[in-house]
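There are two complexes below, and they share chain A, which is joined by chain B in the first and by chain C in the second.
Our next item is the complex of A and B:
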């Protein structure tokens, strides 16, 4: 099962929540959707699931539109819990059993134990973390082929967060198609093979996690004087940001780090160093540079 | 085997490269013996809590570098017999070469000349291989 989102746009009145987003998720892949609050992640999920009507664009599953049959193989963990306050955990699992032909009672039982959930407890007596865990159990108990997980670790303690990651990884190894959002970038970095960063509805960065990390560098040159001509540098597509502070020039690049280091040397830099970036740095740079001018100069 | 591997997702080094480096190091040091079976991609992915495609990529590159071999249906193994010693040597070489590259790049970046770097290199050699002076 694969998912294809093509040129998805969603307007709420005059506000454009999702702006021309295209994402492909092959089978056996975990796609991480990152972005600040209000960037359009949840709206993208809702459009994927038919819970919101796209203004334009298309979402297909194995090349086909969403059908009731697709829903039987699809698990959704929404950002805000949709659990019924007066019902117990066991009641919710019973609903899953009725609605999803591939519901697996033994698996559900194991998962309830994994998260130390008591099926007799009513939702209104559950903490935020227990509610998230119950939603995760409901999702994984139906043996889905597609999983749409909106903040599936929110409110969980570190042990349970790790358990959810392992469930996602195990499902991915079985060939499931998974899209995930989380503010915990370190988790996305572990679980996902591809990511996209959304900012004000637009994809500002996307790619394979390993390639993004391998290519993204800060190249820093220290020059003999602060009269450094940076002509033309900001027009290079590989440079996402140019900062100049006195004699120090700092380039944030998405590839070609060694070449830019050589270029700074050729321009007369006394010292050049290349700094590796982790996904959190890359994310913050992507969000930051979509808001600021290309060349930042400070005294 | 999983006990010898750890990944640091906060590091800027891609996770598949971290896995490759650690497997090579383990082979070079004999922590992973020739013929020893590696965990399956799925098992290692779950143990390390990293994406299975990331582990699969590391395994593919380790095969290409002739550190491990995979036979369909049986799994992945550290290369044994004739090739074991040479792959251990190659792995040791890769690790040392990368560390030296980093050191020389750093030395150049702080403005040392070629002869300065050479002198430092000679000093380091004399310190760690005193018997061969």
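Our next item is the complex of A and C:
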């Protein structure tokens, strides 16, 4: 099942939370939605699922509008816990069983065991990680074709984070369509084959991860002191980003990596290396984040 | 069953209803033990079978039997008139206490005892078995319905308090979800009322076996018993559906308003005749009273007559129609809001 989001816009009063977002999520893919806090990821999910009414735009599932029946094949793990504090884990699973015809009790039991969850425990007595794990169990237990996962590893320990990631990858291998957001870019990189980066409600970058990585390299030079003159390198069209952190200079280049490496050596760099771009670099390039220290120039 | 959460809430509310009823029933048991003693029939036959009793029986024209018991050895004299569903006793007997005057009236029995100079004179009027109007019994279950209705009120607001992502990602439309939740609650309210009636009957059976009767107002009384609590529940649900932090504050405000509005309306009725400002306020509060289901749920007893007297002065049949209209209207208002709420 594929998902198509077309020109989705959502305003809250005068504030535009989502601004003309268009994304196509092919069937059988894992789609990572990235963006800093407040970029509009959760609002996009809510508009997709009819939890919030879009100001304009359209969302279709296999070319059809969202209907209540769509949820027979769709699972959603929200960013924050929406579980009922007074109910137990077993009650929540019973709720899923009663509502979803494709609920798989054996699968639910296996997953409860995987995350070491006690079904008799009330949610109010659960930690944040246990609540996230229970939400993940509830989502996977209904055997959905589409999964919308908003921070599905939030609060989980590294072992359980890995388990969730494995579940996502396995589900993708079975042809499920998965869209997820996470602040753990490394996890998205491991699981996602397509990404979109949201910044202030707008899509600033989207595409297949391999395509986005292809061609671009990072040329990194370490200098003896931080008094490095870059001699107007940022004006070179092949450089998309110049980043300077103390003695370290990182150039993101479309082509000519070897030439720039030689140039940095000639400028006195003690060591120079050329590395492949990772998703974090792609993300930071896209959002032009202010979180990186001492950016000298941006191309 | 996508209303599983509401079903769980309903179960918890019924548990509370059963606890309340168990406490009331236990109180009834304590009262029954406290007033334990021979029945008037046992007392009458005991006097007649005492040694030395001289008994004279006379058939009266209305079919009842007049029994005169004279027992000089016991210094006892009694006149008993016993007919179908009726027993009158007039007894004079020795008493250790010098002076006493007891007046007891319990249901269908009145007893008056006067003690003077060591002799007690007791008059008992027993008007047969308890005759119970089933319709009024239903109406008397309304308080339990109101309690459980208040506990369950605002189911949509409870979902709006951080659970919309679970409620709305079930394979069911918002309208069906809302109506199913309200349906579960309405059924639970009525079940709690039936439980209250069952416990009330059990309590009565501890004292006497009632005989049942129904007037031609049974159907309106039944409908009032059903729709009175539901109208109240629906009002609070409609007022709270768009509230994101649960219905607690709305429930509190609704109770205050439900009590204050009719009270202010009644208080302004007099001044409204004299003062145009008071008349303006009276019209506002009086109109609001028509929207308040609690204003329709007053039951008054005058002498032996118990009847429904609404604050707004409508008769029982009109009251029922108004309560049905309020229930439907408030539920429709709740569902309309529910369609527009956003997570």
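Rule of thumb we're sticking to: the second predicted complex is superposed on the first by the 230 of 299 C-alpha atoms of A that agree within 3 Å, B and C clash if a C-alpha of one lies under 4 Å from a C-alpha of the other, contacts with A are read in each partner's own complex, and residues count from 1 in each chain.
One rule holds in what follows: a residue touches a chain if its C-beta (ideal position, glycine included) is under 8 Å from a C-beta of that chain, and two chains touch if they have at least 3 such contacts.
All values reported here derive from a predicted model rather than from experimental measurement.
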Partner chain(s) touched by A:242 [first = chain B, second = chain C, both, neither]: neither
Partner chain(s) touched by A:99 [first = chain B, second = chain C, both, neither]: second
First, second, both or neither for A:18, with chain B first and chain C second: neither
Which of chain B and chain C A:53 touches, first, second, both or neither: second
Which superposed partner A:74 touches (first chain B, second chain C, both, neither): second
Partner touching more residues of chain A, whether chain B or chain C: B
Touching partner for A:91 - first (chain B), second (chain C), both, neither: second
Which of chain B and chain C A:228 touches, first, second, both or neither: neither
Which of chain B and chain C A:197 touches, first, second, both or neither: neither
In the complex with chain A, residue positions of chain C that touch it: 1-2, 4-5, 8, 162-166, 168-173, 176, 340, 342-343
List of chain A residues in touch with chain B within their complex: 28-30, 162, 165-166, 169-170, 172-173, 186, 189-193, 209-211, 213-214, 216, 270-281
Residue ranges of chain A in contact with chain C within the complex: 46, 49-53, 68-72, 74-76, 78, 80, 82-84, 87, 91, 94-95, 98-101
List of chain B residues in touch with chain A within their complex: 7, 9-17, 41-42, 45-46, 49-54, 57, 105-106, 108-111
